[in-house]
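These notes open a run of structures that come right after.
In what follows, chain A forms one complex with chain B and a second complex with chain C.
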Partner chain A sequence: MANIAVNRPGSTVLLMGNEAVARGALEAGVGVAAAYPGSPTSEVIPALAEVAAEMNIYVEWSSNEKVATEVAAGASFAGIRSLGVMKQNGANVAADFIVNLNMTGIGSAGMVIFISDDPGGGTSNNEQDSRTIAKWIDNPLMEPSSAQEAKEMIKWAFEVSEAVNLLTFVRGVGRISYTRSNVVLGELPGKAKPRPFFPEIWDMNNPGKSKFTSGPFPVFHKPLHEKLEKAREIFESSSFNQYMGPEKPDLLIITCGASTSYCIEGVDELKMNERVGILKLGTTWPLPEKLVARHLSSTRKVLFVEEMDPFVERSVMELAAGLLPATANLTFFGARSGHLTPYNELSTDIVINALADILGITYQPRDSAYEDLAEEGAKLVPNRPINMCPGCPHRATYWALKNAIQLDGRNGFLCGDIGCYSMGFAGPGFFQSRTMHAMGSGTGVASGLGKLGRFGFDQPVLAMCGDSTFYHAVMPALVNGVYNNSNFTLLIVDNSATAMTGFQPHPGTGQLATGEPAAIVDMEAVCRAMGASVEICDPFDLKKTTETLLRKMQEDGGPKVVIMRHMCQLVKAKRKIPPAYKIHVDGSKCLADNCGCNRLCTRLFACPGLMVDNETGKAAIDEALCVGCGLCSDICPVHAIVKEEANR
Partner chain B sequence: MAHAEKGVKELFDEVINQGLCTGCGACITGCPYIVAHGGRIVVLDKCTGAEGDCYKHCPRTSFDMDGVNRAVFGTVYSDGAIGRVLDIFMARAKDPEIKKRGQDGGTVTSLLALALQEGLVEVVACTRMDEDKAPHGYLARSRRELLRCAGSSYEVGFGLEAYRSLPKESTEKLAIVGTGCQIEAVGKMKQCSPKNSPDPQNIRFTLGLFCGWALSPRTFHPYLKTMCQLSQVCKFEIPHTPHYSFDFHFENQDISSVSLDEIKPYINPGCHYCWDLTAEFSDISIGSAGSAFPGWNTVLVRSPKGADLIALANRKNIIEIQALPEKRIKHLKSVALKRKRAAVKKITEKTGSEKELLYLGGLSESIAHKFLAQ
Partner chain C sequence: MRPNKLKKDPYNVIISGVGGQGNVLLSGFIGAALLNEGFVVSVADTFGVSQRGGSVSSHIKISQRTLYSSVTLKGKADVLIGMEPVETLRTLVEFGNRNTITIVNPRPVYPTGGVAYPDLNEVKRTIEKMSSQTKYVNATEEALKMGNPIYSNVILLGAIVGADILPLNKESFMPLLEERFPGKMLDVNLRAFNKGMELIAGA
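Moving on to the complex of A and B:
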């Protein structure tokens, strides 16, 4: 990870988009940054945490995105510039606070939230377009088209935020957050920060001046819309809104964010620079209407290029409707016309195809045999289904759980949650997980299912959550279960890290974002205090774990918690904890495809550290991947997989 | 074999989900996919093997009567009631400890203890009740261990899991004790060796137990728990006629009794389809149903190996032997035939045709006719 506090203004460094965001916040003089980890934004906080002491800033991992936003707001209220960071799902968690924050407005210091969306859903279980939130809560929104612009935009967003006294969103996507590119550094401010202060107290006679207490009064709502209009005015002349192309284009592309590059490349590829203009909007809400109206009047055809929701498309078409009849001869293309899709990532190819269709050009991008050759080529690549890491404790938990559910024989129903263990819906979790939605919702759904006995629902109910997820959103759901005496078994798969997003510490790990020691919030004590029964298992003790789960499934009463405690193998590797065992396969015993085995280890258990020896057809250990956990030895029906204590 | 290319899926489709499973335990333990739990056969995961020993050795998949008979006795199956018999008599243990622990005459325990003592076998695969009085397959390697297995629970116990739990490479000389269905499964294994269990050649002899039916652990065991403090029970007994009861003998010598009519609803459903009262493919069959006097066992010697063991027991003077009255033999035969007819009736009710006899489909026409005759 690059050190983002290098003080060499004007020099060019290679930065990941998320690092550029962090650098932008530093250049803006941010004092407080808070977030809950979530790809594609997980690297912003570590980049800031690394230089926290050096730059005299406060950086934290918060227990969830709502709290992170509240922490940041507190700083703003006290006059300290603050940054909140979250992925698209996190924006929903934070929304309940934000919809009230927009009423009071922020403090005297700017507050910016960087949200990164995930078109294509590579690291998410949804493809939500979080821009809509800016619209429904009436806050300003900007979209950077590169890492450089992300840095500049974050900096400017603080100024806008202060100018209009509103939280300001900067919205990236995975391609912006994760792409590394050259970024020219700006000035860093000094370490000194303003002294926090709270100047205002509630004044019944002057509520507009009173800060930080929201209410359903028109007195709050009217100023919000005035602030938004002010933001619109600022956006009209923003240099982040740029036009490239002829004065009177045959076709005007209106685009924003990461899609901008696809448009530039597409127009270049088709050599249509004389005919097609590109209006790239950096400020997408509120829409800079005058600027857009000027460009609409210069053309007859408009193509919207943006990923996921037709957000700008609808805003502009709304505007065009309002400008009738001046806009009557315009034709619009985009998601509505079917030239683009309101889902999945865009690409230069998709833009080219849209342009070619609209402009009536024939475009042959590749040799006609290309598709066939590509298909042939794809066959050379081994099929790599999703899987958990070698020796992952979740695999052990799922193995024991699968067996317990089968032994119980009543079709136990597992409600899944968000984490590495989400893979439980597929092969890596032996298809055990039946639901998966938001963080904490597995426990909430289980709490509901656990009350359906009166309607004849007789399947045992289970829920699973990770350690970090437990602190994030499971606790209220568990309280609900205890309060309403709902019968379900909650498995907390405690692997000592927020593993899926990159091993960030959380309230149970005893470590802060900056690496300093922290109080440990004891999940076992928390669950007990809530009134749930608690047992702790090491999932690698398959027999005890299976028996415990079976017994818990058959117990009556309110929620039962089983903490599956075993450290993530990658955390072990990071801490240089040596493997427990040395594993080898006794080929003479291995039954392989034969009756009595049928490749239990490589076909079903499927730890990536196991493979089939092509020569002998027997199971073998992939020594490059095996972490020596020894679990495969325990499941081998004929003890052909041998574990020996490793020399430590 | 007749049923190649069938595995666990077909085992469930054709046997277990059809209510035919007798709980013999032949399909479990040697396989990581199938286990017995709570009186059920449970599949832990999907086996994709097209052909499985689970299916092959199940006594309720097609049963090649002549083939098994040939594998066990070297001849085709001929009898229609109590199977091949070289000798028939009644016997009881002389050893007072065995006498006390045994279910009736203690003959089974006596013969097995002798076999262990004389080194004829090193291990006995049998069934043992746990603390909770639920039966499980058990490997006894000493007289002391054997004595702990004496007595009947009358419940399905998946006893063959004991044999299946031995490692394939085991060369231990073995005796297997079991009911008809279990001995049938062993017969099928002798006919076609299991891939993942010790060579059936290691099985030096089989002792069959008379069995009219067994109780379902899924339904009967919970009932049992409501009836008494199970840890205080030392023996369950269905006493000889004219009694018609199921008795609980307690450690403090108390006996309590319930009518058999109360017990019968808990009979394992698969047992109603069973044709084999006297365990016809064993070396020696022992029991009391339909023939013996209280405190005695009826003994059917079926093979020369069985005869040798009896001869040894005589020489060592460990059992007491008396002739079984002709009237009793006749009665035993009639009870055994009744069982067969009842089983075939159940089967034809299920299939709706006298031509479709499920696992007995391979019976020769003349024998099938005997079973069908009313």
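Moving on to the complex of A and C:
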């Protein structure tokens, strides 16, 4: 990860969008930054945490996004510029606070939230478009089109936030957050921050600057809309809104964010620069209506290019309706016309196809003979299913769970949750996870299912959550289960890390975002204090784990917690913990297709470190991938996979 | 190719492989070296859950003029670095063209869950048909000989530099290698880098 506190204004460095966001916050003189890890934004806080001491800023991993936003708001109330960071799902968690913060306004110092959405869902289980939140709660919204612009926009967002006294959103997408590109650095301010002071006397003439209580709402709701109109005025002349193209284009593209470069490149590729103009909006809510109206009057055809919801498309069409009859001759293309889709990530190719269709031209990047070759090649290429890593403790947990459920024989099932272990809905978890929604929902859903006994429901109910997820959103659901005496078993898969998003520390790890030691919130003690029974297993002890789960499923009473404690294999590798075993296959014992196990190790257990030897047809170990956890040796029915103590 | 010369602008490089093989390490080195040589680069890595054993790739767009979008257009790859044969072919199917230069680590990574791997020789033949030049670098095998499969990344990096397909030379990478591999780690990584240069010279 790049050091973002390099003090060389004007020099160019390679930064990921998330690092550029962090740098922008530093250049703006941010004093406090808080977040819960969530890809595609997970790198912002680590980048800031690494330079926290040298830049004199406070950076924290918060227990969830709502708390992170509250922490940031506290700083703003006391006069310190603050940044909150979250993925799209996090915005929902924070929304309950934000819909009240818009009423009171922020403090004297600016407050910015960077949200990154995930078109294509590479790191998410939904494709939510968070821009709607800005519209819903009437707060300003900007969308950067590159890492450089992300840095500049974050800086400017603090100024806008202070000018209108509202929390301001900068919304990226995964492609902006994760693309690394040239970024020219700006000036860093000095380390000194204003002395924080919470205003103690309410000034009637300046309620938003001195009192932060969100009632009575009539006092605040009207000013909120006035603030938003002020933001619109500021946005009308923003240099983040740019037009590229002829004065009177045959086709006007209106675009924003990551899609901007797809449009520029697509128009270039088709050599349509003389016919097509691109209006790139950096400020997308409130819509700079005068600017857009001017451009609408210059053309007869408009194509909207934006990812996911037709957010700008709807705002502009609403504006166009208000401008009738001047806009009566306009034809609109976009998600509504079916030229683009309100789902999936866009690309330059998708934009080119839409342009080619509207402009009536053909585009073929390769000759047909090569396309035929490609078609033949495609037939050879198999799918490559995602999997848990070699040595992953979740594989052990799911194996024990699957066996326990089968031994119990009453159709028990697991309510899943969000983390690496989400893969349990598919092959890597032997299809055991049967529900998956928001952080903590597995336990909440289980708490409901566990109360259905009075209607004759007799299937054992289990829930799973990771260690970080436990602190984020599972605790209230577990309280609910204890309070209402709901019968379910909660497996906390404690691998000592927020593994899916990059091994960030959490309240159970004893480490702060900055790496300094922290108090450990003991999950076992927390669960016991809530009134749940607690047992601890090492999932690599398959026998004990299976027996424990079987026994728990058959117990009556309220929630039972089983903590599955084993360190994430990737964390072990980072800490250079050597392999426990050296693994090999005893060729004289492996019976391959004649065994009757139906390739238990490679087909079902399916650790990436196992393979079939093409020559002998027997199981084999891929020495480039095997980490020597030894679990496959325990599942082979004929003991053909041999583990020997490794020389440590 | 010598530093500061691009065969075309933008020049599209793709590194493809399997999650966990280290495409992000390679793309990071190449991106940083290009930036140091004064190019405008955009490096897009597959992010998210595919990093857990799925198909992954890094797209590097290089220009002397302007910042382009990060993802390569269909059929526009100029250079393809394949860390795994099937993944190399998967990428050619979407991004290859008659002029694509391909460097492949021929060691398969088998898909899990009972998914069959196609005939390796047929995969290689198809890769060759779909590329203007195909060079094989046994990076994993050499890395295992050196004691750890992790060195295959730096071996491949050496091969890329030795192949003279990027406007970069060994000197472009020295400061980056020294920074990334401090102390004792530098020596073995330099050996890996030189091994890659040696392998490509004989490929």
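Convention: the second predicted complex is superposed on the first by the 623 of 648 C-alpha atoms of A that agree within 3 Å, B and C clash if a C-alpha of one lies under 4 Å from a C-alpha of the other, contacts with A are read in each partner's own complex, and residues count from 1 in each chain.
Convention: contacts are C-beta pairs under 8 Å (C-beta built on N, C-alpha and C of every residue); 3 or more make two chains touch, one makes a residue touch a chain.
Only a predicted model underlies this, so the values are computations on that prediction, with no experimental measurement involved.
Q: Counting residues of chain A in contact, which comes out ahead: chain B or chain C?
A: C
Q: Taking the superposition on A as described, I'd like to know which of chain B and chain C A:297 touches: first, second, both or neither.
A: neither
Q: Let me test your reading of the model: by the given contact rule, A:407 touches which partner, first (chain B), second (chain C), both or neither?
A: Once the two structures are laid over each other on A, A:407 reaches chain B alone.
Q: Of the two partner chains, chain B (first) and chain C (second), which one does A:40 touch, if any: first, second, both, or neither?
A: second
Q: Counting only touches as set out at the top, which of chain B and chain C does A:624 meet: first, second, both, neither?
A: In the superposition, A:624 touches chain C alone.
Q: Please work out whether A:7 is in contact with chain B alone, chain C alone, both, or neither, and reply first, second, both or neither.
A: neither
Q: Let me test your reading of the model: by the given contact rule, A:178 touches which partner, first (chain B), second (chain C), both or neither?
A: After superposition on chain A, A:178 lies in contact with chain C alone.
Q: By the touch definition at the top of the document, which applies to A:126: first (chain B), second (chain C), both, or neither?
A: Neither partner.
Q: Mind working out whether A:349 is in touch with chain B, chain C, both or neither, as first, second, both or neither?
A: second
Q: Regarding the shared-chain residue A:603, is it in contact with chain B (first), chain C (second), both, or neither?
A: Both partners, chain B and chain C.
Q: Considering each complex separately, which residues of chain A are in contact with chain B in the first and with chain C in the second?
A: Of chain A, residues 603-604 contact chain B in one complex and chain C in the other.
Q: Show me the residue ranges of chain C that touch chain A in the complex, using the header's touch definition.
A: 18-20, 27-28, 31-32, 35, 40-50, 52-55, 67-71, 73-76, 86-87, 89-90, 92-94, 96-98, 107, 109-118, 122-123, 126, 129-130, 140, 143-144, 149
Q: In the complex of these two chains, what residues of chain A are touching chain B?
A: Residue positions touching the partner: 402-403, 406-407, 409, 430, 591, 593-598, 600, 603-604, 635, 637-638.
Q: Which residues of chain A touch chain C in their complex?
A: 12-14, 39-40, 118, 121-124, 146, 148, 174-175, 178-182, 258, 261-262, 264-265, 269, 347-349, 352, 365-367, 370, 373-374, 376-378, 380-389, 420, 423, 427-428, 500, 599, 602-604, 606-608, 610-612, 622-625
Q: Which residues of chain B touch chain A in the complex?
A: Chain B reaches chain A through residues 30-33, 35, 37-38, 40, 42-49, 51-54, 167-168, 195-196.
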